[in-house]
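Please go over the structures that come below.
In the two complexes that follow, chain A is the common piece, with chain B as its partner first and chain C second.
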Partner chain A sequence: MTDDREKRRLDNTIMEGLRSMPEVDPPKGFSARVMENLEPKRPSAWTRFRLWLTEPRSVTFTPVRMIPVFAAAMVLLVLGFYAMDTNDSGNGMRMSTIRFVLNDSGMNARTVAVIGSFNSWQAHDAAMRFDDATGAWVLEAQLPPGDHEYMFLVDGQKLMADPLAQMTRDDGFGNRNSIVFVNGTYEQAL
Partner chain B sequence: MALLAFFLLSASCAWAGDAGFVKMADRARECGVSSGMIGQIESFTAEGSLSDAEAVSLLLPLVAACADNFPLASFEDKLAEGFAKQVGPFSIVRALDRKLDEFRFARDMLQDSGGGVAQQALVVLGEGLSKGVPRQDFKTYVSMYGDHAPELFLTGLEMMSLLSQAGFDFRLTRSMLDVGFAGKGLSPEWRYFVRIVLVARQRGLTDDAIAEAAGTVLEDSGSLADVAVHLGFTSRDLSGRGLSN
Partner chain C sequence: MRMDESREVESIRKVLLGDVQAFEFLVRKYQGPVYNLMLRNVGEGDMAADLAQEAFLRAYQRLETFKTGKRFFPWLYTLSLNVARDWLRSKGRDIHVYMENAAVMVRDEDRPDTQTQLNDRLDGGKAFEFVMRLDPKYREALILRFRHDFSMQEIASALGITVSGAKMRISRGLEMIRHQFKEVSNDR
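On to the complex of A and B.
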């Protein structure tokens, strides 16, 4: 109890001393100097990015100055459509989609591929898919203009000429290669 | 011919004992034979499908073609075809040697004509001869039309080569070419005139009738579509899509 009373007395003495102190104005420009030295809080990168995205902006333009921009956009658009339409092989040659079909006709083949001069006679990129509806093996391939020789490779071993090909050639190995003709660009009218 | 091929193969096998496959592969690589093709032969050798001597014999015609400045693509393609069809090395070498022989004949023929050896014409001639076009027909063509503009000459050459491969009478081909060269009506699309012939034959038309229609159209510098119309079918029949459609 005695300790509590002593503490209250001391508090009262200090408070009385503070109240009786003279009022002194801060030095001139003190507030401004304090504020200048305060480091502003830097928002995080994400917050800054979000603010940049959401902050409304106004754009001004004159129609005359926009003409070249629209012209460039149209040129790019036309070139894009042209590139898609020409189906270029990358070396300036126009490619055509050729559909190869081989009727299974009871062969019960497990795999069929088209090997030919257009794919370096490699079967791995030329596997045909079996179409249940027609009972035929089908492959659509992109070929450059020219006359191309090919054969069907059945089950990885048996070579077959295309029974529907209109022209064949002796391959020099005892077989006959089938021939497919692909249009050049100048023949598109046909 | 088979005896000659056997002799060449035997000779190359003997040579292989001295130089070896590695040296031959290096020579082929330096010559511009594709690394993919050399790698394929190396892998066949490594797995024992080909002996070193057989590998050398396969590369010899390619190196010889390179020495003669012939385009290697035709030779590499034949080699790849042989591998894909699992043809024995002896038969592949025979086919490559025959092609080499035909290309040499084609080069000499072009040189003798005085018009220079254009690579495109060389390929059309060499490939055509390899595929059975008679040498005499090409000689006649080069002597008769060799003084025309290169593009026109090449168009006619390819047209004639494909027609010959389709068994079209050379006499009829010449009658069309005479008109085409005289009237300058032989535009590039005519090199695939054989497509018209194949479709027309399927429809029962004779080669004489086809040649007559083509001659009439060429006189007016017409197109292949015009020939089709003359023969009574539409250009839709020549859509250029795969013949296996």
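On to the complex of A and C.
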């Protein structure tokens, strides 16, 4: 403990000695000697632009004057939320929620999926849930505007057209695909 | 940012935009530490002044490479150290082995007399003399840390070593000075 105290005392002495260490003044006229050898710089356009970008600027903040700014910010925020709620696909295309429904009607299906042109006719991630209240298989999906062909895949093997679809199209293999039109302006239920 | 640093930044901006006179503020502000750095390393006033002038000239020429947002002094100090190293190498000397008796640069009025040394061996002046006798690689690290308040990162950058290397040099430097104090104490 005593050694530690002595060490700290010495360290403080050393630090203080360094802080107050004497410095020799440079020769008289030193700065003038330096300056007389310097030529003014000729900044490039890029340097000027970079310096302009990083130039410190003072900003005055007056709470009363900020009210319109806050109001505008709130409007933008609300519009932003609204825009998010319209389910933009990310590529500028507005998505619509489509509700697929298939009445079980005594099929006693174990699984039902919606496969179609919008999911490359793949059953994964397209499984419908069974709604006990209505006795129907249900799936809500986000689809872009346009017409989409689809089928129900029952128990992983049986393809079935949508009995409620307003239009069908021949698939060229003897089956008829159901078609859903999505206009992008409102939600649709099939 | 402190007012002083703000003025530095403004001076640098002006210089880069072609106002050569704005550089004089930086020269006047840092001529002392840069000149003394050279003096510690070459031990002779005229040569130290020439090297300090060369350091400022080099800083002016390379000012475009200085990153605004960083402290100017560590950047200038690093550059000045390189000027000193270049000169020492050109003379066949190395900054790490030079300065056997650096205390020669202490002004007479700052040098404690014999009686004072005997009576008060732990004063700051004594510590300074011990620091000046150190191998320059430890001496400069201690001066940068405790005289110029450099961060460990800034010391590492100025001396061209790692941060852990900078910590080691300061720790080792302090240890060597403590040892010298003990030796003086034992000699009494």
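By definition in this document, the second predicted complex is superposed on the first by the 108 of 190 C-alpha atoms of A that agree within 3 Å, B and C clash if a C-alpha of one lies under 4 Å from a C-alpha of the other, contacts with A are read in each partner's own complex, and residues count from 1 in each chain.
Convention: a residue touches a chain if its C-beta (ideal position, glycine included) is under 8 Å from a C-beta of that chain, and two chains touch if they have at least 3 such contacts.
A quick note: this is a predicted structure, and the numbers were derived from the prediction, not measured.
Trainee: Looking at the overlay, what does A:R169 touch: chain B (first), chain C (second), both, or neither?
Mentor: first
Trainee: Tell me the contact category for A:V24 with respect to chain B and chain C: first, second, both or neither.
Mentor: Once the two structures are laid over each other on A, A:V24 reaches chain C alone.
Trainee: Could you look at A:K158 and tell me whether it touches chain B, chain C, both or neither (first, second, both, neither)?
Mentor: neither
Trainee: Looking at the overlay, what does A:R8 touch: chain B (first), chain C (second), both, or neither?
Mentor: neither
Trainee: Please work out whether A:I98 is in contact with chain B alone, chain C alone, both, or neither, and reply first, second, both or neither.
Mentor: Touch status of A:I98: first partner only.
Trainee: By the touch definition at the top of the document, which applies to A:V182: first (chain B), second (chain C), both, or neither?
Mentor: In the superposed model, A:V182 contacts chain B only, not chain C.
Trainee: Please indicate which partner A:Q122 is in contact with in the superposed arrangement: first for chain B, second for chain C, both, or neither.
Mentor: After superposing on A, A:Q122 lies in contact with chain B but is clear of chain C.
Trainee: Once bound in the complex, which stretches of chain B touch chain A?
Mentor: Spelled out, the residues of chain B in touch with chain A are 77-78, 80-87, 91-92, 94-95, 98, 130-132, 162, 165-166, 187-189, 192, 194-195, 198-199, 202, 223-225, 228, 235, 238-245.
Trainee: What part of chain A is in contact with chain B in the complex they form?
Mentor: Chain A reaches chain B through residues 96-102, 115, 117, 120-123, 147, 149, 151, 153, 157, 159, 162, 164-167, 169-175, 178-184, 186-187, 189-190.
Trainee: Taking the touch rule as given, give the residues of chain C at its contact with chain A in the complex, in rising order.
Mentor: 6, 9, 13, 15-21, 23-24, 27-28, 31-33, 35-36, 39, 45, 49, 52-53, 56-57, 60, 63-64, 68, 105-107, 110, 122-128, 130-131, 142-143, 146-147, 174, 177-178, 181
Trainee: Spell out the part of chain A that touches chain C in their complex, as residue ranges.
Mentor: Going by the criterion above, the answer is residues 7, 9-11, 13-27, 30-31, 33-35, 37-43, 47-48, 51, 54-56.
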